[in-house]
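Chain nomenclature is as follows: A, B, C and D, assigned in order of appearance, with residue numbering initiated at 1 for each chain independently.
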Amino acid sequence: MKLTKEQIKDIKEQQSQRNLTKRVTAPELEKVLYEAIPALDHGFIRVIDYMGDDSSIVQSARVSYGKGTKKVSTDSGLIKYLMRHWHSTPFEMCEIKYHVKLPIFIARQWIRHRTANVNEYSARYSILDKEFYLPDPQNLAAQSIANRQGRGDVLEGKQAIEVLQLLKNDAERTYDNYETMLNQRFDGSTIDENKKGLARELARMNLTLNTYTQWYWKTDLLNLMNFLRLRADHHAQFEIRIYADIMLDTLKRWVPITYDAFMDYRVGGTEVSAKGKIIIQKIIER
Amino acid sequence: MKLTKEQIKDIKEQQSQRNLTKRVTAPELEKVLYEAIPALDHGFIRVIDYMGDDSSIVQSARVSYGKGTKKVSTDSGLIKYLMRHWHSTPFEMCEIKYHVKLPIFIARQWIRHRTANVNEYSARYSILDKEFYLPDPQNLAAQSIANRQGRGDVLEGKQAIEVLQLLKNDAERTYDNYETMLNQRFDGSTIDENKKGLARELARMNLTLNTYTQWYWKTDLLNLMNFLRLRADHHAQFEIRIYADIMLDTLKRWVPITYDAFMDYRVGGTEVSAKGKIIIQKIIER
Amino acid sequence: MKLTKEQIKDIKEQQSQRNLTKRVTAPELEKVLYEAIPALDHGFIRVIDYMGDDSSIVQSARVSYGKGTKKVSTDSGLIKYLMRHWHSTPFEMCEIKYHVKLPIFIARQWIRHRTANVNEYSARYSILDKEFYLPDPQNLAAQSIANRQGRGDVLEGKQAIEVLQLLKNDAERTYDNYETMLNQRFDGSTIDENKKGLARELARMNLTLNTYTQWYWKTDLLNLMNFLRLRADHHAQFEIRIYADIMLDTLKRWVPITYDAFMDYRVGGTEVSAKGKIIIQKIIER
Amino acid sequence: MKLTKEQIKDIKEQQSQRNLTKRVTAPELEKVLYEAIPALDHGFIRVIDYMGDDSSIVQSARVSYGKGTKKVSTDSGLIKYLMRHWHSTPFEMCEIKYHVKLPIFIARQWIRHRTANVNEYSARYSILDKEFYLPDPQNLAAQSIANRQGRGDVLEGKQAIEVLQLLKNDAERTYDNYETMLNQRFDGSTIDENKKGLARELARMNLTLNTYTQWYWKTDLLNLMNFLRLRADHHAQFEIRIYADIMLDTLKRWVPITYDAFMDYRVGGTEVSAKGKIIIQKIIER
């Protein structure tokens, strides 16, 4: 991940803010606010804003006039209870907003989570950054035989080198031709003063799916957990899991009690079918 | 509106918070944070939390690394542009949460706005407050003849007095019988130690629709404006408009630039059909 | 449940339709289409329309050009797989629409399921039917001691009679006064030609929460199952479970393969937390 | 657009269905059901299923026991009224499902409409078709100078030929390398028996954004109109407008009365701000 001087300055400026507020705050999350946490080779995640903390869940579950309760132990008990019994609406009372830079093929997976607000960088309006995802060699997995949508062993030796070379060459060439068609370079400079450029909304179609895009993505705590449950799972594609793992850490900083309950009841938990229940009961009764 | 000593203390405690944050703040909104703003005879609206301000809209519309821009004039121009052209997603990047006390028949209108998060006081779990809405005499309107779902002239004299008496008597009697069935008074005390009480989830069915309920209600700025556009309109039922008008004021305190654009393009604006356009054009060309 | 002659005629007319279509049909569901299936004392559920069947789930999961597959066994295997692994989107490809008559306090629970389309009978526009829910004596449960939002033993003898009398009297009296305020009877006739009536949008506030309302309610198969999972559960309030049980039967008629998978993996299944998993594993390994 | 023999057979089979139903049908829409209507060079739209017709809107707006009304004139008046006054929920009572084949960069615009159900062809699971969008020379527009996200004049002569050549070469080369990395050709045959192939979920990142994908897309009538209002507009990108125009035609076949109201009040209509209203009034009063 490489930021321009101006981007670094913008981020520093945001981080230097010291505002007084009567709202609840999440001190551990404040520590990393606005920071560009690297993800994959050129991507990042930044927490831009948030609303509420663990006490907000308790407060709304009780529809109370003040804070949740005064005792952490009581709050914690209620949050665990809500999580265990799938009470969903109190968790919707907290909100978080991220700024994410990610490859387009991952953005296409991500956007399938519909209960979120999104503003994506517009390639109709601006030129996309000259950055594309190239996997680390140790992540260059072969197609799994057992699982039609999973990965198997890592490719090795010559084949791995070839694959990386193909990915790199194709991304660079298509990006160069993107610039040629636009008659403009990624830094905004014109290539040939005597020529028009192809409309940006058309030229972008020449880019490969590993090109990076970016967006602001905002969601409530419940839907964030729904996202993480699927995307931080070992069945998820490795590339989106990298982002989900970073977000899990921000979850922990933001709402530590909820995080614990989530790890116990959702991420680490499992389901048993009606038929499965009968089998387990028989085993236990032996 | 009457608050208990404990409720007043809870609110004061929240208002005395002074937290440092790196997040953007809305100073005018902070001034009224947590305050119970009276609505109708026993209701209120309290702003509990918020996320973002005018600059957040600009920031996400530009997918920028820092704040929106540095100049208020530029931000204002962009926000007007977004509003005029119905760009919706940047307005979803701000969020607000209210605590509202309101009569049940108004709550039933309100809840039809689905893109919001809600936690309502549970009458399965607790006893409802002994409070019900009685209109002011000047709001005791007759059925409109012209508009099947509107109001006409105000009822006068003896009929007005009778109506108010009926509303009051029926609400009080049904509430008394609610307590009798529960075998419990609204303050939690038991009526007859030798009796069981009817389940709360059943007893509540005896209450009238002007009984007050309360909820936490959270929505994004776009959907708040959709709500206000319908409910602060003169076609809206008077009782919900009272709430919408208070919320319009909180909107102004929160995002003043957006508020201005909203009043110009949505609330004060109008629509012209394809046929209407032709007529106006002919008149203008005369 | 009592229908007017005109209502019965309307329903018969709908049921006598014989239209040719190239769409898939669900023959077992067609048999009960439009029928008013009684629920509680005055309520009903009618299936008004539907879209898709089991094969539609398979078809969209495969993004196929034709039907799902040709073999029922293959379809069934895929549907079970999708259900077991919480693949949600293919189940969104079927849609169903109900016409429901139900007490207002149940409608208020029901509407909390937001991912649905609703048109409710408007009490601003029309007079509500003179019908209110009175529980059967065997459903007149006392408040549970163990569960703050549940039911305990059934009330008996004199107390049960008293409760029913209170519910009946209060509902009748408030409805009578509703008519008095409207200056109009439920059949539309005017009471006193020399008087105005109170606006309907106001008069309705005098009704008790067991008054019946009705609505058209449409949702997709996934969200129907989310609804049924919560509302056909034994923790759900008895009165909404009555509706959910009828809807479970329509689910079986509509998409029998999905119904079986739903009963096995959702309704009959259970969840085990991370800590619970460790305990079960220890027991099994003994 | 080219379909395989099997695909043509599948479609024919669907079209030959003659099922009896008591549901309402839309005869004009039935005529084109399942048909692959060509869009762009390799794309198509197929109507797969639908629910309801114009009468369903009236029926739910009235919460009636039978059909909407018996008279077309009454239905038409009500639908116009609902459209003019932005009553939205009755239009949600109809549903339609499309099978769409479209270039990925257009799919990315399309998916921003969140209130819809989607199942997309999975490139983690299967190999994508060897088809990519190449614009017709008359659609090869230069970037607009006036509008940062629009098109200007058409590119001409040598430059147009060059652009098309670049697009074609890059798409073909990246697709060839996609096959090489997969060690599998688009028809499923293996390239080199002694080699493993790269995981599909990785190899796809090498494809360009004009590669075709396909999905099942289902939405209600209200959200379909929201989509068409934006995407059949002359500000929309040409490539998505092609799809929107075809869908407008299916709208007309499906719900002709609603279509007329939509064209008058939404597509052909305009908005006037509060300030604009004052100006028009002054002109008219001259």
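Everything below uses one rule, namely that contacts are C-beta pairs under 8 Å (C-beta built on N, C-alpha and C of every residue); 3 or more make two chains touch, one makes a residue touch a chain.
Quantities reported herein were computed from a predicted structural model and do not represent experimental measurements.
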item	value
Each chain counted as touching chain C and chain D at once	A, B
Of B-D and B-C, pair with higher C-beta contact tally	B-C
Relative to chain C, chain with the most remote C-alpha centre	A
Chain centre separation (chain B, chain D; CA means) in Å	37
Centroid distance [mean C-alpha coordinates] between chain B and chain A, Å	33
Rounded Å distance, chain B centre to chain C centre (Cα mean)	28
In chain D, residues with contacts to at least two other chains	89, 112, 118, 122
Chain C contact footprint on chain D (complex, rising order)	3, 6-7, 9-11, 13-15, 17-25, 30, 33-34, 48-52, 56, 59-61, 63-67, 89-90, 92-93, 95, 97, 99, 117-122, 214-216, 218, 220
Touching residues (chain side chain A, partner chain C) in the complex	84, 89, 112, 263-265, 267-277, 280, 283-284
Chain B-facing residues of chain C, complex	103-105, 108, 111-112, 114-115, 118, 122, 124-125, 133, 135, 140-144, 148-153, 155, 159, 163, 166-167, 170-171, 173-174, 177, 180-182, 195-202, 204-210, 237
